[in-house]
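Look for chain A in each of the two complexes below; its partner is chain B in the first and chain C in the second.
Then we have the complex of A and B:
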């Protein structure tokens, strides 16, 4: 899933990566700005999580409203690492029954709007989604598209705020990142990245008027083949409306091969 | 009691400095609670926590989103919304609206998510962007879309396209109630100032729930700065006329002021939040506290001017007044405390504050007042005002002579007025709680006249199971209900999810108008909806209309401003329609409109209990004080009749009863009984202690308290008339009706009570005689 994605980036990013290694080595010798440190850490995290090529995983989504009522969705996700651009992902909706078989294909890009298609089994047609709007809720949940989308380095500017303990006993970098892509719902985000494995532990989302909108917390990290860490559970809480959404991840599969053929508009129709 | 009063009198006049110091310390201790006082800015304060209509509304909101809002209304001077300039201004203001503290959603013309077929795809995008570059054809096209889109017209755009609005939905966290609402209001008012400077040809009107909430403290402040000084001026003028001395008037001012600050301070200690009703307490305390001072000072001046020295005159005055002033203060306090029966907490608060104020006033009148007034210089020159008592003697002679005529005439008047009580109808139009001096009212009036309504009812319509809102049968029922609502003359706008389904269906079929209808298969509808939802930006999602389980949708009907009767009739009609045509989808209907429509009746019922409590408590007190069950029962007539008569008169003149009037009977009971107490105590003193015949005793009562009753009644009525100029309708109508009650009480006490006392003397005295043996050695009241 996108958060956690890999990068084989453009030349610019590669250069940044080089600077990072350079910077890490000479960290003590050269004074760096908080922005440089923040960018460095983001790149390091990105690099740690590259090279997984393809992933399949099942996701259960539990929506809760302030009245305490719950609603569940089930989705199977596939992801493909792409050289030189954002990842491709395909989400197949399984539950609720009314939308079972509906599938969404996303080609994510950096600052350019993503390409998105939705296959509607009831009319057996693929429809392009006008995806200038990345900020809307995903299936009525507290997750927006942009929260779930591939997190390319160039989507944000970074700044290291501080270092502190966080999550389940981690030591974390606390980094502020400001969206650079158009029509984001957020003025800024604050992320907690653990120093050990460079995993995203927590994210705070601040709305356009800079008030705390949501907090995302990830728990239950497991290491998969090749040293890739994935959380079992994502908990997103909306502080303004009192609603929340939990994602439970299951059946991570880094082995079953997937290629470009599996991420095409035609592939959407073949899923049923 | 009299022994105690004498001891009290001599102690306070001996230890004047100590008395002064102690009572001032008490006042300061009480008043320091004022630091905890704050204004409430939430209309929900009018409802108790277990009000079923409030609970229904809260419950509905927790399934969708809250709909506390600011409606930022824009009226271009040229009457054209669809110009490049105005549309650009709306875009600009929409962006700024997002900066509003606690905003969770902003709806406007510029961010309306218009759907369009583009080839085989569905485009969902802002209705327009970059207004400056729009061609005339674009403007015409945009106007055409806007004024025909049911979501927009009569809500965010007037049908004649002369006025537009931006709706800002806010969800305040409720951590610091006192500042959250004002922050929202401050922001939108800054936006208005910005418009005035940047777009001088646009006029801005601000309304919505958040603006109404803010109007409560603003009305309170208006009243505090306008009513209280006026009441002080009028009452002190009357006091001065009565006492004809500066030191007495100054002392009265001090006592009254201290009573008010002590009571308000205690309200702070008790954690009472100020509302417009409870902010009428200062005016009420002022009006009532004066009576205590006037009684003590009048008798003191009489003795002093007739040659006694200051201290002795004061002791004597305290001896005479201690019991009646205590009794009248207690009955008044009981009347106010009975407001705690009210279903609307602000009236309970008002009752508690006023009751405390009355008791503080009694205490200061018995301590601070004698100590202070005997320290101040005062002239003991006799001032001629005998003509007053001459008039009173003539008047009492007339009453006694004409009692045979007065009894039936006044009784008929009472009966006639009582028969008019049923003419009154409940009416709580909460928008009109504020008068035109409050900005919220004038702005809202403009918006109601030119754009949309402030009244609404939300319906949560249940499809029965998870995801079933996409079921054609459910959608058809919702659609039929929508169609029915749109035919009702009361309805201005209906916001319904079926419009969304129809719009998407049309766009999925190449924008063919023939497809502007509900999708026919459940899966197809659900998948269309998913596609549409995926295309919506932050803050413009459907979560405010569809619950998370896709089992219920919220339908909002905006109504014209209606009377309570019409609102309830409409609510019934709509419920019946649902019951007959779509019984399975009907769940709750709720809104502030519904809440305020029921509160009048709920409050009247709860206040019946309060009135009964006050009546029983006060009657028992009177029976004890008069030491006679029969005299006590007789006084029920002059105690109950005035309120009944006033409601009857109201039924003839106005005939609309709001929340403010439902507390009047219980509240005035404690006030009007004071006249009866004063008159009766003098009458009984003459009848029992001096052994006068009933006719002579009536004459004695008239000559001793007639003038004082006249003056205090005029003062009370004047005080409450000041309240009737309140900017807050509940206070204003309450003040007016109380003033009427007080004047009726005087009429009954002067014209009917003497006739009753004489007519039923045998029966009354029969009971009193038994008692008089017991009390032979004790003092009469």
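Then we have the complex of A and C:
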């Protein structure tokens, strides 16, 4: 990922340099476009959240239908930051119990298709699966696979729309981002990023017909070892179906070491 | 109740333990209970055969991780009561092992289960565990195999060595069962090895991935898990010594999965049986988000070949499998699998459909209900599945996960 970041940054710096030169020559005021500013903020946010190396956390997912009926899922997650590529992640399903022990290993690669394996505990089978289903719902929830995927800079183009107050008293950049990866369900997303710590506070998802489909709101931010911020609660509301899904994050651990062998096909078979 | 040598007492101990599942950090205990009712839809030609059966099974599982997660102890057992088939009444240990990880090395000692392969409709290269046909005829259920396993992981691959002391013979359904073989099987099998069922088998597998390709190469030397047996000339199952070489490849690109498995089985003594080669290969293609995201549809096709042709002792010697997989995107994870096998020599066909969905809490357990049906048509008298021609059935089961 830093490799990609370096490229993007170089392009931006080159563009800024060019524009500055241009500005000086023609005696124009500072002429950074909304796209450049948006990209710059996205890069800054990404850099703020780089260098964590490894994380484990537990996720509780509460699905709510229009009538208010709830069902729950529990998943434990581990993530490994990879230099020069997308992150590795491993999710172990705990509940509902008919899928307990099932685990998914993902090596994300930004715009290139992710490598993904599924472990089926009843027959001890590790199976390579297609990662093309970006827009499908994750475990019947309002989160699509792409909403929970590793977020690399090159997956979107950015544009700063405005700056305004948002969330629990934050000052935010409002950035429109357009997915550049294949098979996305979205025409565009609008994200609110707080100016202070560059945290994602809110995201609006617009479907292919450009109607508002879902809103995601993050609350209960905590700072963890190394100065990394994580929200305790993600609330995703689907405006078209009236369904919603809440994620409660627990037991964030940035310190217990993990390496490549914790993200291998062998590792899938020995999880608890 | 017929109890195998695989320790009855720990299971009794576990049954006493049954209560709320334990989830303490580093310890997990849970159990599943399955209730099934099966009805055979045709009148059997043999009046001694039963036309329905009812069964309850239980599978407790205990896991304990220690050494900061580097060591994992697993114990899984299984027991079933069946109202009509005594052979299906049994207790077994599926897993009783310790796995230890140290850097790139992993060791496992005890009774374990191993899966090799990529294909969906038949598992050719998967040779380590004995198949348990008492649970189902799809070959997905396995008996725990005593083993010492040593694995060295590399960047994108792993080399695994197996020493397999002790052999587990195949169990057969009682003759009253419509899906059983048409003759009584002698329960004193013969072995080619002088050590009988104590011969130590060895296996080696190198597996990994590179880009879109996942691969595995394997070699097995020891007592074949498949007995040589038939109802005409050989009613005593004979377990020969074999060398088996296996190859498995899958490519995953977009929504396409292409799969190939091949084996070469060589018998140590040519008098036992003919050496042969068998292949299964095909594809799976998925349509995602059909009908406004309501479901995903997977289409599968696999071809089976066996170099022995009509002399093959297996069903799949020149057969085609077509399958559909419907996965609904609902909170109940509703699922429908449908498949058909067609013998390209004699047009013998079999069909199978499985539908299941999550059904909420029963007591404090999560539950899932499942409906399964299987039918044969056009069965040729020369086909190995001729005895199954009147064994069409419907199976309803409810599984509780405690």
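By our rule, the second predicted complex is superposed on the first by the 242 of 272 C-alpha atoms of A that agree within 3 Å, B and C clash if a C-alpha of one lies under 4 Å from a C-alpha of the other, contacts with A are read in each partner's own complex, and residues count from 1 in each chain.
Just so it is clear, a residue touches a chain if its C-beta (ideal position, glycine included) is under 8 Å from a C-beta of that chain, and two chains touch if they have at least 3 such contacts.
No experiment lies behind these values; they were computed from the predicted model shown.
Superimposing the complexes on chain A yields a three-chain arrangement in which chain B and chain C clash.
In the superposition on chain A, contact of A:97 is made with both chain B and chain C. Judged by the number of chain A residues each one touches, B leads among chain B and chain C. Once chain A of one complex is fitted onto chain A of the other, the partner contacts of A:240 are limited to chain B, with no touch recorded for chain C.
By the document's definition of touching, of the two partners only chain C reaches A:113; chain B does not. By the touch criterion defined above, A:137 reaches both chain B and chain C. In the superposition on chain A, A:71 contacts both chain B and chain C.
Once the two complexes are laid over each other on the shared chain, residue contacts for A:266 go to chain C alone; chain B is not touched. Of the two partner chains placed around the shared chain by superposition, chain B and chain C are both touched by A:63. Looking at the shared chain after the overlay, A:124 reaches chain C, while chain B stays out of its contact range.
After the shared chain A is superposed, the part of chain C among 78-86, 114-122, 168-176 or 204-212 that runs into chain B is 114-122, by C-alpha clashes. Common to the chain B and chain C contact sets on chain A are residues 63, 65, 71, 96-99, 123, 125, 127-130, 132-133, 135-137, 139-140, 183, 185.
Within the complex formed with chain B, the residues of chain A that make contact are 63-67, 69-71, 93, 96-99, 102, 104, 116, 118, 120-123, 125, 127-133, 135-140, 144-145, 183, 185, 208-209, 211, 239-243. Those residues of chain A whose C-beta lies close enough to touch chain C in the complex are 63, 65, 71, 95-100, 113, 115, 123-130, 132-133, 135-137, 139-141, 183, 185, 260-261, 264-266, 270, 272.
By the touch criterion stated above, chain C contacts chain A in their complex at residues 26, 28, 30, 32, 63-65, 69, 72, 99, 101, 103-104, 106, 113-115, 117-118, 140, 142, 151, 153, 155, 158, 207, 209, 212, 214, 250, 252-257, 286, 288-289, 293, 296, 329-333, 358, 365-368, 399, 401-402. Interface of chain B with chain A (complex): residues 59, 62-63, 65, 98-104, 120-125, 171, 173, 466-467, 470, 508, 521-528, 530-531, 533-543, 546-550.
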